[in-house]
């Protein structure tokens, strides 16, 4: 009876991977915000952050035209004079992958990521989800952002959750996989750490774990990010396998992005300070990064409407 | 040519905003000489309903703030009133108070707020405790705010009595919906403007003006109000008690027949804070 | 504790042991705090509401331990100055402060709290310049916490009837206070606020290396309109402290400092009726069990010993780790301290600032040498230290046993000694095997074990799954040779009153 209870299963998992103290995590991440990044270090950090952006559009109203303009922004975020690097990837729905491929061409460093597996809920038959992954890869996706089965996790069916991830890994072929935990639905830091380990054990070196879909109330926070990068660090020190990380949703300002990067610098170290190991899932972030880079260059604070695709028109 | 002054439209302070009554009704307020002063919102049961919703929305955030933070905010409210003491004293003159009495009431009001500002991070140290139960358990009793508290201010001392009644409730993290003095509502209108500039989050204190006899039945029966504190006559007390019984609402009502000296030391007390608290006891084993 | 992975892959021969790289890929530029500390070139004594020159006419230099440069001249008080200060304090007590209603005393303390909050950044910079602590600590901890102490105790001044159930309380009269150099402004607040709230008047001596924020606070006392003589500051070294302790006027002496000096004070006050509060040294055990949230425990260990360069009487200087996780904790700890930034205290990114004085640096250096000599294993991260000023790298010793000097003596620096244990009883026994008893830390996910440990540990403060937390509402003070009396909370007030 006890062995079958979801709670007992979670308890055993926590015993195995270790507990997280929520207050302690909050205090740790509060210190990142007090780091003062100035001058050359700031410019370097801003450019690094720009290179880590998965420029995202995930809306029901997305059209080939919208995706094409997003791709153009990804390739050339701003006047080349400013030296803003290309972003890491564009992130779109599966139906938009072929349009993105068309817009980007095949000879580009900008990768195409596609959310798949009945994003954002994941509530479709496994067969359907796998077919969606294969279709996206077939249309030219380099990366697949999948969602875990949160229901399976919360009811203690860890085997089901892991088997599904394994199946998606197989369906990905050479495509990189990002496993979205949807942290707001897992609620506790203990759950986030445990789910991170379950995912890391079945994905490949260089695959990602990712915080959120961006479609729920709470997305990436420094706290969630910290729990996940500590899990990545602990897993790496234990196995030598480096897993990458992608916080997504809610990171809108350059200041936030720099704080997340400080967390990486001080937790995972230099080897994770690149876009093969760390990404930001964001849409508005890129423009703020460009704006701050322009400010560092010129010394003058910038108005948002100087930058293309700006959402702020005031 | 003399300049015609701009007169202020009195509005009540609910949910951090200044509003007219939902009923769009007003009643005229005359100054001490009997001249028209302004129209005062005549709030109704729907305004009370909306104010309770605002208080409910503000409640969890206010209760979760640190005691130190609540103390500083209540202190800040004292600062805001002291800085505008002259204006507030003039509001009290409308009801016929002498200049000296008005100044005294404002000063006593500020001191009362400072008194309760000091209690926010101390009442728990006096009212809570560890209980030496006869078993290997760590057993402790702490307090929690009740929730939304209804306040019925008396007619006299329209500022000091109102503040003396709501301050102990917000000290511990309750939120308040208060009905101001019917005959002297203007100090409460002005108080709302000071509350709005005091760092107190909107919705923590909601002030209504209007006719007592119209509002009391709704105060009595609104099930989301967890307690009622204030001053009431015998008939009102009975009506409030009957209404309160339906949802086990806590009542702390002073008798209107026996006027309270709001200036007295006895009008402020730790036990006024206790009146809107629940006690919670936790048992936890001690063992390796 | 089981391993972190279901299938251990450590058998792969090709892979070297995984290591994290904390290099200079993203080096931070200097980020100095630039607020003006508004220092005077010369600080006089603060007696009877005025700054007055010392009778000797002598001054001594206060230097910045970060670069050994002179910051200001501080008045050298003598016994005669101390006497004038006590006469002023007595007059203020008899004529003004002792008679004032609590409600009005409260208002002065609230004012002090608010004025200190107004000038918080200026005070933080002054504190960092004078004492060497990182600006982020003086900015985020020392100064706001000092203001909080005044605010909290202000609220007590008119509520003293609630302090001692069944009895009434009265002030003691004049109290003499001597404070240390590790938290100059905060210790000042800890001492002044409860004494004043209760209705006492004060003569206080700050540490000779850190007098500046004390004398800056005197400016705030003037701005607040505090009646003259209620608070008096006398500055100088140990001889001035002795004059403060041994003067006939004070009804109470409060001292924070070393156990050694505490013993001297207790002897010298023998035969007088003076009450005492002594907050002395410590050698706290920070105990980590195998079920603890280890990543947060590592943060707590770091905070416990490297906060304020380890110049903390309640520092978690002895780490007791449960054997099953000892190696894992050591690895995590090494990785963590590699990213601690040692250097200019005024830089907003500095985690470990300057050691307070040359003498203290010499003491730390010699105790660390003894640890190496006695066979403990030393680890220090690499990285350059500034060439001028007094600095010491964060240091951890593993393989320490209870007989090592570094496990028994208070180092008062950024030096951690790591010991291991196997059972709960062994942890308790080791933790309590010391003449000190100020504080302890416990890390475990099991609530009942926290309460068991808290019951068994002979220490005045026990932190569970956290460390070095302070609050005006929370009493602080020691068992055994860590002193007696409490500061903070309702209990702290009881040490500043008589029961009638």
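A, B and C label the chains in the order they appear, each numbered from 1.
Just so it is clear, a residue touches a chain if its C-beta (ideal position, glycine included) is under 8 Å from a C-beta of that chain, and two chains touch if they have at least 3 such contacts.
Note that the coordinates shown come from a computational prediction; the quantities given were computed from them, not determined experimentally.
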Under the stated touch rule, with subunit C ignored, which chains end up grouped together? A | B
Taking each chain's centre as the mean of its Cα atoms, which chain lies farthest from subunit A? B
Taking each chain's centre as the average of its Cα atoms, which is closest to the average over all protein Cα atoms shown? C
Measuring from the mean C-alpha position of subunit A to the mean C-alpha position of subunit C, what distance in angstrom results? 42
Distance between subunit B and subunit C based on Cα centroids, please, to the nearest Å. 41
Taking each chain's centre as the mean of its CA atoms, subunit A sits from subunit B at a distance in Å of 48
Complex contact set, residues of subunit C against subunit A: 1-10, 12, 15, 17-18, 20-23, 25-31, 136, 140, 291-297, 299-300, 331, 335, 339, 348-349, 445, 465-466
Quick one: in the complex, what on subunit C touches subunit B? 103, 106-107, 110, 148, 151-152, 154-159, 162, 424, 447-449, 451-453, 455, 472-473, 489-490
Given the complex, residues on subunit A that touch subunit C span 15-21, 23-25, 27-28, 34-42, 44-45, 48, 197, 201, 230, 233-241, 261, 265-266, 268-271, 273
Contact footprint of subunit C on subunit B as seen in their complex: 67-68, 71-72, 75, 111, 114-115, 117-122, 125-126, 138, 270, 284-288
